[in-house]
Amino acid sequence: MQAKPFELFPDAASSIAGSVDGLYAYMVLVSAFFSLLIAVLIIYFAVKYRRKDDHVPLPVDEHSIGGMILEIVWSVIPLGLSLVMFAWGASIFFTESKPPADAMEVFVTGKQWMWKIQHNEGAREINELHIPINRDIKLTMTSEDVIHDFYVPAFRTKADVLPGKYTTEWFRPTKVGEYHIFCAEYCGTKHSGMIGTVYVMTEPDYNKWLAAGSGEGSMAEQGQALFNQLGCGNCHASAFNKNLGRCPNLNGLFGTTVDLKDGTKTRMDETYIRESVLYPQSKIVAGYDDIMPTFKGLVTEDGLLKLVEYVKSMGTKNGAQMSAPPLATETSATDAKTGTPAKAGAAKTSAAPAVNVNRPGNQ
Amino acid sequence: MSSPAAAANVRHHFENAEQQKDASTIGMWIFLVTELMFFGGLFMAYFVYRQAYPDAFASASNKTDLLIGAFNTTVLICSSLTMALAVNAAAVGKKALLIMFLVATLLLGSAFLGVKTYEYHDKWVHHEIPGQHFECEGCKDSGHASLFFSLYFAMTGLHASHMIIGAGYLIFLIIQAKKGKFTPAWHTPVEMFGLYWHFIDIVWIFLFPLLYLIDRVHK
Amino acid sequence: MITATHPVETKKNYLNAEEGLKSWLLTSDHKRIAILYLISVTFFFALGGMYAALIRLELATPAGDLVESNVYNKFFTMHGVIMVFFFLIPSIPAVLGNFFLPMMIGAKDLAFPKINLLSWYIYMVGGVFTLYVLLSGGVDTGWTFYTPFSTSYSNGYVIAAGLGIFINGFSAILTGLNFIVTVHRMRAPGMTWFRMPLFVWAHYATSMIQILGTPVIAVTLFLLVLERGLHIGFFDPAYGGDPVLYQHLFWFYSHPAVYIMILPSMGVVTEIITTFCSKKPFGYTFIAFSSVAIAVFGFLVWGHHLFVSSQSIYAGLVFSVLSYIVAIPSAIKVFNWTATMYKGSVRLETPMLYAIGFIGLFTVGGLTGLFLASLGMNVHLTDTYFVIAHFHYVMVGGAIMGFMGGIHYWWPKMFGRMYSQVWSKVAAIIIFTGFNLTFFPQFILGYMGMPRRYHAYPAEWQVLNVLSSAGASILGLGYLIAIIYLLYSLKFGAIAPPNPWGATTLEWMTDSPPIAENFEVTPVITQEVYTYSAEEVLHVV
Amino acid sequence: MSALKESSHDQTTEGHAAHHGPSKGVYYAVFATLIVLTWVTSWIATVDLGPFNIYVALSIAVFKATMVLFFFMHVKYGTRLTKMIIMSGIYWLILLLFIVMMDFWTRNWMGVPGR
């Protein structure tokens, strides 16, 4: 990061930055107008009506009839101006909140005091995020301990990263360069050290960078390995398997709405998958029994993200695959064809455990 | 604590007794409103988690004893009645009756606390105290059941501590009443305490269905 | 410092009515309790200010070189906790409100004098807890105590700090309760609601917030302490809890609490402006009702602190639009003050300088609050120095300016002495300048993205940070000067007449300092408040 | 309760008796209702009303609380100010409960985790 000696305005490097700056300009204008108006009036009155002689009788305090009109004017005008701020801000916020459907997915895990980042293709990095320019990037984030907040000022966006659930943030970088990542939610001793850098690269550069790493296979592949290792496949069947009956078939389930035993419904999304692994009894799908054991303590947040990716890769409600590249390692492909469950956990335990192995090429 | 009755007259900054009495009443009601908001935070937490984990709450709630709960509610309502009658007795100047009803209120209140202690002990025996050794045998969604018990203890505990403070003040009132401090014209402490005691009763009237009566059907 | 002061004349007043430390510690006179509060809040202000100085010293260089990061974290936590809970919230209500609210409505005392004293003791017990935390090693959670950090990860003395605030809360509740009952039942004959000075209205509104909000923070901290102390779940996701629930409960109180801080100050400013313009405040009813409106609607917007917290978008929209709606009553007040000056008879005495400073700085602070209330803008600005600058503008530039103004306005009444007119104006100007230099650069830093609660920061931001640190020392100097000449005046100041400013409210109609019973006879009010007559003004010094 | 301590004895003022409470008969009637409802609510909790159990239970609780408030606590005979104070307490409590629940009810409004 080239250190600039002095600056007064941040880089604007995302598609949203322009609109935020526009809104900012509007608000600065309105504020400057009112601050100056008040300041000028006060100073003017203070000078003009300054009491020069204590012995001059007071001006008569005529109760102005215009009072009511004035009160209405100076309530309604500010209200109007500020509702514009609201609407404008809200519309930006909607854009910021709804990631485009085909966004490239990146997974972020916050941990005291570092950012662990995993690309869908399998590349991992710490406190660094390499992304291609002009692509929509969607971050799915969670924390292993306390609340953090992933903040990139140049992109004008941030979102809290909470333990126990997923949050989302997206942006579309528009300028090649290096930008600060900050943790913006106080998280303890080294909160101010929980910083990093975003590298926005051209597409070719990015592909080159991507090719250099990612030895462990894609997120979904790693998720599949974990799925088997934990023995999930014993009951849920493995990818593309036919259902065994005792447990819900996960194929094509992602993004659908499922009926629960207690008569309510829930959306089968990242949060639900996570909850089902950790607290399987809490939302049971209609027609199934409460037989799944909890995996709390057995699987890390990184691992959970991989499992989620794997489930996602089994297809969504429209049958289309999510952004994950077609997976299928040798075994799962075979399993899928033969319809037999994947080998149980024991066989796979020696496989790469789902813990923090850093991508070697990137340290 | 200075005895209010010690001052024979209206305190210097009040114009007359009525103003003084009014001030106490308003003050007391405002105090009860703060109490309401104080318990309100707990109810808030309760509603959030109950809607998030209905199964956990239902099955954990079934661990409480319905009969004991209903019995204790009855005890508390009785104590409310005796308290109301005590205020009434004070207003008409029947000293012996006043003392009798105050004592009855104290006894009923203590009975309530006794039953509560028994229930706590029972939870203790069954490891239903949230924390490291928490267990919820046969609970659905036991991963979240401890939230129910955290709230159960926080809510009933706070309620019980209000009862204990109340019981302490009751003893003080009984002594004052014995000394003949209260007259039909002036018995504000009894009246104010009555409001407090009824308020605790109201809190329990809500705690009872929320903690004891969830999903009793399937049991 | 106070007990040593005996005005030269032998006339009995509340200060010399009784002698000895015991007569102070067991007093039930609202004026003496106000003085007790004045001494204690000043102490805590200096303490909080010391932490501010340390923060600015550390931030003068980009690297975290003065102290370790965990020490820095304790600095801003202690700074925030002390300034908010032990200085600003009690400051105006418990000092000026306590002293003048009864006098302004012609009462001899608050409705419950002993409870008033009790609330000071409770405050002190809470303060002792905080001092214990401070001496034993501090707490590092930030003044917001967010879970799960505070309950499961922090190494600080969270329980003691939480209990300190918990206890202190009851002091605020009792003060509020006392004020409300007093306003309802203790008004002098003829003192109708719409003859009450606007200062009283402001305090009435403040008390509503204290009564309805404070219990919620109390119970929240109670749960926090239980969770941390007993390792049982309320908010921690490890037990299935939801940390956002904690944030809701915290801000349900703490947003309205910012109005606890600003409303009394607004009341003070209204009094000052009307007095120093010798003119009825423009739009009495609007100012009165806007206080109540702020108190009531102020409870509907707390979620604007949670825009990026994973609160639902729907809730975000509601909170955002409501935040704009509560801004309107504040705008009404600002415009009414300005209009009051129009065709007034303006005297730029020290209190008036503070009042004018208040209007300007509060306007900037409030308007930047509007930036933060806008969803799209907030996402960029939240948890940056923009927020720090916003709230220091409203709290230091607004609330403390009002407090300083009020102290200068009523000082002659409280102690019967005049302070140096020259030095006080010098100090006011230094404070105004230092303040802007300290906090204006932080807006820029914030928009550039400098996160708050950072012990070290990228080098390109040093210039602005140095400006800010320089401003802080000027600001500190200003306060120091003020403390010095005020203390000096206690012994050497000129004797103050009963009504040095030509004000019209009741507290000026009695001796300076007032007698223990406030008035020789209970006043009977026969005319509207703020009736300035030409003759009265002629008696002005 | 602390408000009590400030009150003082007044033997001089006559004809004081500010708030007239209800007669004893009313007390007993209210008491009987409360007891009956306690057992009714306990019983009805074991009857399957589908999703309505909670509403029934809370309605009964609200009714019971109102009885206590009106008769045992004399609100029915109290001043308007008392009623206003109580209403504001209840109003603020509802505010707290509903606004926070508004957030929790609308989580996943957009179907994006955490938004």
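Note that the chains take the letters A, B, C and D in the order they are written out, and that residue 1 is the start of every chain.
Here, contacts are C-beta pairs under 8 Å (C-beta built on N, C-alpha and C of every residue); 3 or more make two chains touch, one makes a residue touch a chain.
Owing to the predicted nature of the structure, the values given are computational and were not obtained by experimental measurement.
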When contacts are scored as defined above, which chain pair ends up with more C-beta pairs, B-C or C-D? B-C
Need the CA-centroid distance for the pair chain A / chain C, whole Å please. 37
Roughly how far is chain A from chain D, centre to centre by C-alpha average, rounded to an integer in Å? 43
Among all residues of chain D, those touching at least two other chains are 2-3, 5-6, 81, 88-89, 92, 96, 100, 104, 108, 110, 114-115
Going by the touch rule set out above, which residues of chain C reach two or more other chains? 111-114, 177, 184, 212, 216, 240, 242, 244-245, 248-249, 310, 313
Residues in chain A with touches to at least two other chains are numbered 97, 159-160, 162, 165, 167, 279
Chain-level touch network, classified as line, ring, star, complete or other: complete
For chain C, which residues are in contact with chain A within the complex? 64, 69-70, 73, 140-142, 144, 146, 148-149, 152-154, 237-238, 240, 242-244, 277-280, 282-283, 286, 307-310, 313, 316-317, 320-321, 324-325, 327-328, 331-332, 334-336, 338-339, 341-348, 356, 359-360, 363-364, 367-368, 370-371, 373-380, 382-384, 444, 447-449, 451-460, 463, 532-534, 537-538, 540
List the residues on chain A that touch chain C in their complex, please. 1, 3-10, 19-20, 23-24, 27, 30-31, 34-35, 38-39, 41-42, 45-46, 49-51, 54-55, 57-59, 61, 63, 67, 70-71, 74-75, 78-79, 82-83, 85-86, 88-97, 112, 145-147, 149, 151, 153-154, 156-160, 162-165, 167, 180, 182-193, 279
State the interface residues of chain A toward chain D in the complex, per the touch definition above. 97-99, 140-141, 159-160, 162, 165-168, 267, 269-271
Looking at the complex, which residues from chain B come into contact with chain D? 1-2, 4-11, 16-18, 20-33, 36-37, 40-41, 43-44, 47-48, 51-52, 66, 69-70, 73-74, 77-78, 80-81, 83-85, 87-88, 91, 165-166, 169, 181, 183-186, 188-189, 192-196, 198-199, 201-202, 205-206, 208-210, 212-217, 219
Seen from chain C, its contact residues with chain D in the complex are 111-115, 118, 174, 177, 184, 208, 212, 216, 244-245, 248-249, 252, 299-300, 303, 306, 310-315, 318
